[in-house]
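Shared between the two complexes below is subunit A, which pairs with subunit B and subunit C, respectively.
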Partner chain A sequence: MAAALTAAQAGLIGCEHCGLLVRAASADEPGHCPRCGSALESRRRQSIERTWALVIAAAICYIPANLLPVLGTTTLGSTEYDTIMGGVVFLYTSGSWPLALIVLIASVMVPLGKLIALGYLLISVQRRSSSSNRERTRLYRMVEFIGRWSMLDVFVDTFTVALVQLSPLMAVRPGAGVMFFAAVVVLTMIAATTFDPRLIWDAGGEQES
Partner chain B sequence: MADALDSSTLPQATLTPPRRSRVSAIWLIPLLAAAVAIGIAVNRILNEGPTISILFQSAEGVEAGKTIIKYKDVKIGQVTAVELHQNYSMVRVTAKIDKHAEGLMVEDAKFWVVQPQVTLSGVSGLSTLLSGNYIGFEMGKSSKPQRHFTGLKVAPVIPIDQPGREFELSASDLGSVSVGSPLYFRRLQVGQVMAYQLDPDGNSVSIRVFVNTPFDHFVSPETRFWNASGLDVSLGESGLDVRTQSLVSLLVGGIAFETPSSAVESAPAAADTTFVLYGDRATAMKQPETISRHYVLYFAESLRGLTVGAPVTLFGLPAGEVTDVGIDIDSATTKLRGRVEIVAYPERIVSDIHTVQSASAQAMVQSPEQSHAFFQRLVMDRGLRAQLRSGSLLTGQLLVAFDFFPDAPEAEVDWSPKMPVIPTVPSTLTNLEDKVSSILAKVDKIPFETIGTELAQTLLTLNQAIEGIDKAVNNIDADVTPELKLAIAAFRRAMVTANKVIKNTDETLLGQDAPGQLELRDALQEVSRAARSLRVLTDYLERNPSSLIRGKDGEKP
Partner chain C sequence: MQTLACPDCDLLQSVPDLPPGGKASCGRCGHVLATGTADPISRPLALTIAALLLLIIANFDPLMGLSAVGRHASTTIIGGAYQMWIEGEQATAVIVGFCAVVAPAGYILFMLMVLLGAGRTPVPGWVGEMLRWAERMRPWSMVEVMMLGILVALIKIAALAKVEPGFGMFAVGVLMLLIPAIEVSFDPHAIWQRVAWVKPKTSPPIAGDSAPEASS
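Entry: the complex of A and B
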């Protein structure tokens, strides 16, 4: 089957805000919507550059998020600080390996996976790769979907801190790692929305099955 | 339908001048993230303190990642690893010290494990019940940094910054004194026993004591120390007098000191001065002699009844005592003769001299040459001689008396041997007979009957007093001790429970049904109950120390 004609090829552009289909003023500078006046974008502006910046920022934050403690537990006067990996090791050694696995996946693997996935999408788009477009689109949807749920750890941490205040017997305080963890989640979520999935399909004619 | 779409009917986008292209501001985000991350890393590295290792005999309750090191109750580090060391005979504790405490890690810094301890002299380390054991730290005086230490078995008694002075006491035995025993001055606690050890020859024990400032100024070279651990019971004109330094000293031993009023020198003694530790106050204060002179006397008569310790008198006043009684052979005449060694305390005689002359007499006593010359003059011109006299007719005890015999054959003090030899005169039997007969005459006049009844009464009173003491001793067992024992037992039980709970906290307190929370609450209640009852007991004893002797009110014997 022949490649479908894209709106961009037809010199048309849809207003993202009011949905009006307009003719672009020029290929480089699409202009503004005549109905609602918002800037028209054939592709999201500087999508690759912005996504790269956010992914790199998230990757930087990922390091302290894992090295710094996320939780400080004060039990009867002595305070212990736990990093995420420390918590995983503690859960594993204390016998609850399913819980350890969940924490490992949700807190370590998923953010890392998102970073790798976004990096892969960016590189493949920049190299104008035209293979497995559908798979890459599916990967993008997954990254976008997971984003909503990856704040789970931060929420659990926050709730624990708020609930466990049995001072002086026991108190829990957030560690600096939580800030970085939240930063990783937020930055990857923004990066996922900044990335324009239409770019995947721009690289010439794609091979539809 | 797409083909049917006429694109020319679609509206045309409006055009505005293009924005100038520049590097997107979005790159500030990763820059900011990198700056914060690097900032944290740099901060971490800059605040990184030294890592030290401490060797302990046992690291009870010390856990890696949990146990902290405290100085003046401030955290200065945390244990990072605990492992066996040196053929498994020692425990090596590795700890990361905070940056701010880096300067404290010097050669003679001290470390020890703090755990709750109940001893008779007090309860210590109570805070560890809640926070777990920690490692105590004491600053050193050195400025040479060190990273490997050997831990102490027990906490040092005196903090290094406590001002005061150390002295050494030499005692024949340790008695009930132990490390931490209090030191009293006029019944005020002014210091503590720091350490003790058997002297290398095994003949005495040296005890190191610490006197806090400003009380260390009351220790002069003439100060007497005595063991104040016991009850000092004396039967005097005012009745039964029971004295003790304090209740605590009765239980854990104690040492008291005092400077005799006759002391000449009042300047404070230098640190590390050695003193003799006397058995009791009476002995300590009875011998104010710092100057003693030894003499030898030869007698050609029976020495039966003369014992070591028998008094030596001058004009009937105490002037010294007999230190040795034996015989030897006179090298000139090859005859056996009795040899008596005495010690004289010239200061004691001086103290009896009228105040107007005491200053010059004191000066003479201090100078051996002057006193020798004076003594020689007394012997040669005035006829000063030593004589054996009967101290008690009933027991036949003898004493050595110095008196003047102007008619005695001429003699002089022989200064040549190590101990000067003082000439003697034989005792006069007639003198004794006279005395006996005169005494017998007096004895006839004694109203024995009256004395008998009075004596009987006195004995009765004495008997009652003894009975009282007897009962008191029983009461110590029956009334007071069980309470103390119960309180301590309850306390220990509570502590064991608390310790167990703390050990299990991680498993139990975080668990779903959390049995630990219940257990912990019980334990804490138990602890506070025990503490309360111990306090009530000590309060009561403080208000009524006599209850140790007489038992509680309302149970009077």
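Entry: the complex of A and C
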């Protein structure tokens, strides 16, 4: 074979669940995989629209996630509120700068980086860009891989709240920021699964192979 | 030898039968298409059973305790999610409970069923369904993220009170290593090739991959 062929060009579909290569009955209704029974899709349905919707929703949640407090500490009647950045500063000033750096990267930079990366992938696919396909695929894999780590601060807040209940001396309560933060993580994780990396290659991938 | 479509870029390519430890990557985008495993069932099964035991310990033993001015408090994983719930953060509690308890337990239990079922010939169709569920749970199982979260919480709280790590935390630490070990030793492709087809000999016609009658 001279030119490399994609499954779609050959009228075939690779089942996303079991990997079986199936000849599509028709382009509009490819039917079900005969081996594992899951619905066949040549490309994930409405991939771009759905991913955009999730990215925009996550970007909106990212603002209150950073501005609203994630923890409120009550000591002897007075309450102090901490945002995510406040938590980073606390870790830094209490002498554990490696942890401050980890929380800063996982909670502030990773979610922002994921939103920018997904936005860039979506725009480049919509413009039918055919350059640096390999790099863009790698970027997509990184977004998929790193997504879970931005849940870090939600766990930190949860276990801090669960432990520090020494009333009447001290109590820690969660702030509304936690919920928005968890929403950002969940929305970007779903966005990574609705985005179809095969779209990156659909615009003239043959030039690269 | 079989023909596959790369899941990341859709390129059709032939993948040779791989020796144990061998790896075939997509020539265009670099996605790992297949890995060769010497023993697709018993090693992952042993690791999964170990993970199941640790999962039980991790969920029922306290992760850590805290004492200050004669008072003592301790918490488990579920206790953390429960505290979030009673503090009025129900949505967060559900997400934490799902990522820290339900998804890891789901992944381990579905994998256990897959590996136990895969020993039969022919492999029953429900094994495929369980495998799909295990794969669905995997991205949401965040044991390693939770472990780091617990450590950060411990250091933050250490400024306020005396903190003692509990037995559950060590279980979480080992579980954090076992889950990726299951993944690495497991080859979903080897299972799929043995699974009984949903529609044995009907249309649409099949291309490429070995059909059951040609799988010997």
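Heads up, the rule we're going with is that the second predicted complex is superposed on the first by the 175 of 209 C-alpha atoms of A that agree within 3 Å, B and C clash if a C-alpha of one lies under 4 Å from a C-alpha of the other, contacts with A are read in each partner's own complex, and residues count from 1 in each chain.
The criterion applied here is as follows: a contact is a pair of C-beta atoms (placed from the backbone, for glycine too) under 8 Å apart; a residue touches a chain by one contact, two chains touch by 3 or more.
Fair warning: this is a prediction, and the values are worked out from it, not measured in the lab.
**Student:** Check the residue A:8 against both partner chains and state whether it touches subunit B (first), subunit C (second), both, or neither.
**Tutor:** Touch partner of A:8: subunit C, not subunit B.
**Student:** Between subunit B (first) and subunit C (second), which does A:80 come into contact with in this model arrangement: first, second, both, or neither?
**Tutor:** Touch partner of A:80: subunit B, not subunit C.
**Student:** Is the number of subunit A residues in contact higher for subunit B or for subunit C?
**Tutor:** When the residues of subunit A touched by each partner are counted, C comes out ahead.
**Student:** Give one of first, second, both or neither to describe whether A:50 is in contact with subunit B, with subunit C, with both, or with none.
**Tutor:** First partner only.
**Student:** Please indicate which partner A:69 is in contact with in the superposed arrangement: first for subunit B, second for subunit C, both, or neither.
**Tutor:** So A:69 meets neither subunit B nor subunit C here.
**Student:** Touching A:162, do we find subunit B (first), subunit C (second), both, or neither?
**Tutor:** After superposition on chain A, A:162 lies in contact with subunit C alone.
**Student:** Classify the contacts of A:138 with the two partner chains as first (subunit B alone), second (subunit C alone), both, or neither.
**Tutor:** second
**Student:** Check whether A:177 is in contact with subunit B, with subunit C, with both or with neither, and answer first, second, both or neither.
**Tutor:** The answer is neither, since A:177 touches no partner chain.
**Student:** Could you look at A:17 and tell me whether it touches subunit B, subunit C, both or neither (first, second, both, neither)?
**Tutor:** So A:17 only meets subunit C here.
**Student:** In the overlay, answer first, second, both or neither for which of subunit B and subunit C A:35 touches.
**Tutor:** both
**Student:** Hey, what residues of subunit A end up touching subunit B and subunit C alike?
**Tutor:** Of subunit A, residues 5, 10, 12-13, 20-25, 31-35, 37, 94, 169-170, 183 contact subunit B in one complex and subunit C in the other.
**Student:** Report the residues of subunit C in contact with subunit A in the complex, numbered from low to high.
**Tutor:** 3-13, 27-31, 63-64, 66, 68-69, 71, 73-75, 79-84, 87-89, 91-92, 95-96, 99-100, 125, 128-129, 132, 135, 139-140, 142, 145-146, 148-153, 155-157, 159-161, 188-189, 192, 195, 197-200, 202-209
**Student:** For subunit A, which residues are in contact with subunit C within the complex?
**Tutor:** Of all residues in subunit A, those touching subunit C are 4-8, 10, 12-14, 16-25, 31-38, 87, 90-91, 94, 96, 99, 102-103, 133-134, 137-138, 140-141, 144, 147-149, 151-156, 158-166, 169-170, 173-174, 178-179, 182-183, 186, 189, 193, 197-198, 200-202, 205, 208-209.
**Student:** Quick check on the complex: what are the subunit A residues that touch subunit B?
**Tutor:** The touching residues are 5, 10-13, 20-26, 29-35, 37, 40, 46, 49-50, 53-54, 56-58, 60-61, 63-64, 68, 75-78, 80, 94, 168-170, 176, 180, 183, 187.
**Student:** Within the complex, which stretch of subunit B touches subunit A?
**Tutor:** Subunit B reaches subunit A through residues 2, 7, 10-16, 18, 24, 26-27, 29-30, 32-34, 36-37, 40-41, 65-68, 127, 130-132, 502, 505-507, 509, 520.
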